[in-house]
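Going by the order they are written in, the chains are A, B, C, D, E, F, G, H, I and J; count residues from 1 in each one.
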Amino acid sequence: MPRPGLLETFPNPYPGREYEIVMTCAEFTSMCPVGGIESDARELAALEGGAPDFGTITITYAPNRRCVELKSLKLYLWSFRNDGIFYERAVNTIFDDLSRAVRPRDMTVVGDFNVRGGIKSVITVRAGRRKGRAAG
Amino acid sequence: MPRPGLLETFPNPYPGREYEIVMTCAEFTSMCPVGGIESDARELAALEGGAPDFGTITITYAPNRRCVELKSLKLYLWSFRNDGIFYERAVNTIFDDLSRAVRPRDMTVVGDFNVRGGIKSVITVRAGRRKGRAAG
Amino acid sequence: MPRPGLLETFPNPYPGREYEIVMTCAEFTSMCPVGGIESDARELAALEGGAPDFGTITITYAPNRRCVELKSLKLYLWSFRNDGIFYERAVNTIFDDLSRAVRPRDMTVVGDFNVRGGIKSVITVRAGRRKGRAAG
Amino acid sequence: MPRPGLLETFPNPYPGREYEIVMTCAEFTSMCPVGGIESDARELAALEGGAPDFGTITITYAPNRRCVELKSLKLYLWSFRNDGIFYERAVNTIFDDLSRAVRPRDMTVVGDFNVRGGIKSVITVRAGRRKGRAAG
Amino acid sequence: MPRPGLLETFPNPYPGREYEIVMTCAEFTSMCPVGGIESDARELAALEGGAPDFGTITITYAPNRRCVELKSLKLYLWSFRNDGIFYERAVNTIFDDLSRAVRPRDMTVVGDFNVRGGIKSVITVRAGRRKGRAAG
Amino acid sequence: MPRPGLLETFPNPYPGREYEIVMTCAEFTSMCPVGGIESDARELAALEGGAPDFGTITITYAPNRRCVELKSLKLYLWSFRNDGIFYERAVNTIFDDLSRAVRPRDMTVVGDFNVRGGIKSVITVRAGRRKGRAAG
Amino acid sequence: MPRPGLLETFPNPYPGREYEIVMTCAEFTSMCPVGGIESDARELAALEGGAPDFGTITITYAPNRRCVELKSLKLYLWSFRNDGIFYERAVNTIFDDLSRAVRPRDMTVVGDFNVRGGIKSVITVRAGRRKGRAAG
Amino acid sequence: MPRPGLLETFPNPYPGREYEIVMTCAEFTSMCPVGGIESDARELAALEGGAPDFGTITITYAPNRRCVELKSLKLYLWSFRNDGIFYERAVNTIFDDLSRAVRPRDMTVVGDFNVRGGIKSVITVRAGRRKGRAAG
Amino acid sequence: MPRPGLLETFPNPYPGREYEIVMTCAEFTSMCPVGGIESDARELAALEGGAPDFGTITITYAPNRRCVELKSLKLYLWSFRNDGIFYERAVNTIFDDLSRAVRPRDMTVVGDFNVRGGIKSVITVRAGRRKGRAAG
Amino acid sequence: MPRPGLLETFPNPYPGREYEIVMTCAEFTSMCPVGGIESDARELAALEGGAPDFGTITITYAPNRRCVELKSLKLYLWSFRNDGIFYERAVNTIFDDLSRAVRPRDMTVVGDFNVRGGIKSVITVRAGRRKGRAAG
């Protein structure tokens, strides 16, 4: 189960300046929901053939008062490893958990998932002061 | 024949938030219309030398109340396999069938087809709230 | 000599919808004008050392009532094969001939020519409703 | 069903010289055997969710008295389109049908198939005078 | 824990012919041994910061009487997901389990693991009739 | 310790014209702060396992009256080599030191750092007349 | 029609030393034989829809007493421009004409032709002292 | 020494239409100013260790009444070969010389120079009707 | 100064089997010898303009009784960070230190260093049972 | 004119061990012989349209008692800058000058020159103990 409590932050060393931080984790993995039901599939899934999902998570944000600590972000993303969760929910959950942790000026989270059934999926969630600006 | 009835949807888990979903199928194939006539060419074409077309279909949309289910999308795209259909019609048909199924905030469908006679074709159909914004 | 009469069109199956068609021919070839004079260089040039030019032609347009037929476009582009013509004129000629044939909402023609004398040339002609938007 | 009768040949214009011909078709498609049973799945499979396979077939041979005609090879490879067949059998069948048609000095057939279930497969069959030489 | 019992095989359709099968899984993941001790780390590791490893496993073999079934191979590789195991042991274990399952003419297993501590590791195990030939 | 005194400038040869200079150093290295404390880690860190960081620094600016001298920029960037410093502070420091040295019309500094713990970081600081324009 | 008389040579400046020269022309073009008949198709073909072929010719040789002059090679390859000729014959003809012109220690000619009907062709002719060594 | 007198122009064949020409020369070379002094370094520099610079010059312009002749542009760029000149001055000089020669609607000149001292430099000069539009 | 004492080893889990381990560190850095004299340049060099070198070290070996521990290898490679040392000596030193530590069946060490003065250098040292086989 | 006197060497630090050094200079330039006559073309050529050549020189050798000093190699390669010389002679001259300077166990020099008249040339000279082994 995703564990937002793992996220740690530190004071932004340049709080008065607008700048941008991009963090990319190419080793994100979770479990496909078994039987279409999102659940904490863990051990069971591995034994019974539940399918793992793989993807790259990219987080872009303009820090406000706090920045997310890199190592804690890694641990937080690892906490999805044995969870049965849909792509749409995973990306929105990461967006919500990080937004709550660092309260950024703006933030974008992209989940770029490996091909399944011949189809590749990319989910993008974006919010904040620059929300009006399109992805392009 | 394309079978829009194969498309299934599920409730958008974050209906109040605008976010974007991109799905890419690099294994789209249909048949070139035999004698320039669009038809259900199937078996016949394979026997008589009707030419298969190959391409990549990319669907981008901002979900509203419902999302398209990935596996059903795969089955729907497979249903073009033995159909004689022009590129322009194929891409517009996919756009229409998906729009009806999920009623998105906005949607873009791109068909990027393999070289035929030394010429490569890409067809792009786009509609919705962001329609004014060009492809860029 | 370019032969616009080779271009054939067919009715746009979705005339009420604005969408985009891109066609790319990576096998365009013509002759460099001999002695700087544009002419029908053909046989002569091959014998006397007139130099062939090679390039990629990319045509982007939003169809109005008619679309260009792919095979006829191929034949039309082949008709430059033995013609002595400058890059600037070739790209503008293709733009004019295609504009007349399909009367598009907007159109862009790009000629991307191979290195000659250590210099690569790209010519872009654009017109129509989106003309104000720059290439970017 | 694969139709070796579609293969046509023409006399090797340089029969006394050993040289090599490589032909690559990046648009090979067949059907995955339904329920693990190889069969002529066609229409049925498309309706019931039988899965299409996609791959690239590369044929390398040193011609002896005859060469395979390119267009007939294309038609022959198309004839697998609606057949339920395992990768191993498909590549060996192409190898056997072509060997019989042109009786080459030596021949290699490689089938490089798209990812399925996260795993990519490549099958290589080789025979003839140079058989002792490994793939390297 | 790796579960070789998941591996299933089917009869080689061309047992009298030497040919080659390559299967590549780019989504292999296991756990780094916690505290340098190889163990069944599972749940615990995820909670306490044990680090997941990621890599690509490539299996090349010349089948003898039996071939490995693709889907069962996928399930077998998934069974390493929550295991604490060193790279060297993982690759040799896959080599041994597959060798026992299909008794190939020869086999090579390569594990190409993601960067850890700025260093990338690739482990190659090879055996069989062609053992004398080096990787090159 | 970063030594802004190393930066030298020369008069902009075209001070009345707005133009752009981009300088990219792909060999930036500093030390990760030991124990999370930013310090002058040098010798000690190398002995006790403090970790070096590696990245690419890209500086874009529109010169005003002065340009930064290339060789002095190289020496300045080398002066971070044995310094314990966070990514966020390093990029903002370079931005501040260069801004003070050349007082540009506008400037952007991007630090693109190598993967650590499976996560890649990119920090972007931007200011000046074009500040309103987003990164895109 | 190919005109071997265009080929000019100059004395090898280091005739006593074995060394290797590779010349690659990525702008080779000829005509597909009309109606399957090899002929001097020229003007006619362009008017009636005969199809141009495009490819890359790579010539590798160890010079003996003479080297081929680069500009004359260019003119010679241009002389195929309006000729209707099969791939197999074109590559063998270039091999024969060049062999006669420079009498090399050994020579290889490779014709790598663009996709036609979804199939790419590569023809390799090799002879001389190193003939025994395979392509590898 | 740069010799703008080498630049020749020809009448724009489509003077009433706004279109774009891009010319890229990847073989630009000049000399680094010896002792930081810009001069005509030539022979001397080669003997005493003055360092050559290498880069790619890209010229983009919308022609007005005249176009620059390709071969004369090549000769003009060659005229920098033995000149000691700073990057900033070289790019601005090319911009000025070409602007005077063709009086374009707008023009951009980019000099992308090879790494020196581990740092790569790109200089961009732009002017004309579209000057307000940023580089992106 | 390189510190071979940092290297730790562990028992090869499959000592009776010949297999291969490749470890690649793309973040190797040392100092260029100051004034052409190899020395422990450290602090001094950074202050006086001694130049850092950057490269990629690739170690390939067939383990005998022991394997090198990955983390200790990282620390060992870091110990070159502030050392003034020539490329040739650095690669041979790594080869010697690792050979002594693991006594492999055979080993190759490659140092691939970044461009300096426009020239890139790659040093390869190889020894052991397979020494006779060249790099190819 | 090439000046072999610029080449300096230093004692091989590991003279008893066979190892390999590869040095690559991607910024080699010389002049095309004017009127087909090799000469010291310099200033004249630049004025009268003599054409510069560009290429990449790669030197591979197993040092014996001495190694070539990197900076002196750079100066030596610069000395071809204003020389009119054929590709074949340039590569053989570099081979001879370096062989004399370091008397290697074996050496290979490759000159990979930019496209001229649509044709790319690569010249390879090789000698020494491994001479029998072909390029592969």
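Definition applied: a contact is a pair of C-beta atoms (placed from the backbone, for glycine too) under 8 Å apart; a residue touches a chain by one contact, two chains touch by 3 or more.
The model shown is predicted, which means the values in this text are computed figures rather than measured ones.
Listed by label, the chains that touch chain B and also chain H are C. Repeated interface, listed pairs F-I, H-I or D-G, reference H-J: F-I, with more than half of the contact pairs matching by residue number. The pair with more inter-chain C-beta contacts, choosing from A-E and D-G, is D-G.
Inter-chain spacing, taken between the CA centroids of chain E and chain H, is 56 Å. Chain A and chain F have Cα centroids lying 29 Å from one another. Separating the centre of chain C from that of chain F, both taken as means of CA atoms, is a distance of 46 Å.
Between chain C and chain E, the centres computed from C-alpha atoms are 53 Å apart. In chain B, the residues touching two or more other chains are 27, 54, 114-115, 118, 136.
Taken as a contact graph, with one node per protein chain and an edge wherever two chains touch, the assembly fits none of the named shapes, being neither a line, a ring, a star nor a complete graph. In this structure, the chains touch in the following pairs: A-B, A-D, A-E, A-F, B-C, B-D, B-G, C-G, C-H, C-J, D-E, D-G, E-F, E-I, F-H, F-I, G-J, H-I, H-J, I-J.
Those residues of chain A that touch chain B in the shared complex are 86, 88-89, 91-92, 115-127, 134-136.
Taken together, the chain E residues at the contact with chain D in this complex read 12-14, 17, 19-27, 63, 67, 70-71, 73-74, 130, 133, 136. Residues 54, 114-115, 118 of chain E are the ones that touch chain F when the two sit in their complex. Note for the complex: chain J touches chain H at residues 27, 29, 42-43, 46, 49, 51-52, 54, 75, 78-79, 81-82, 114.
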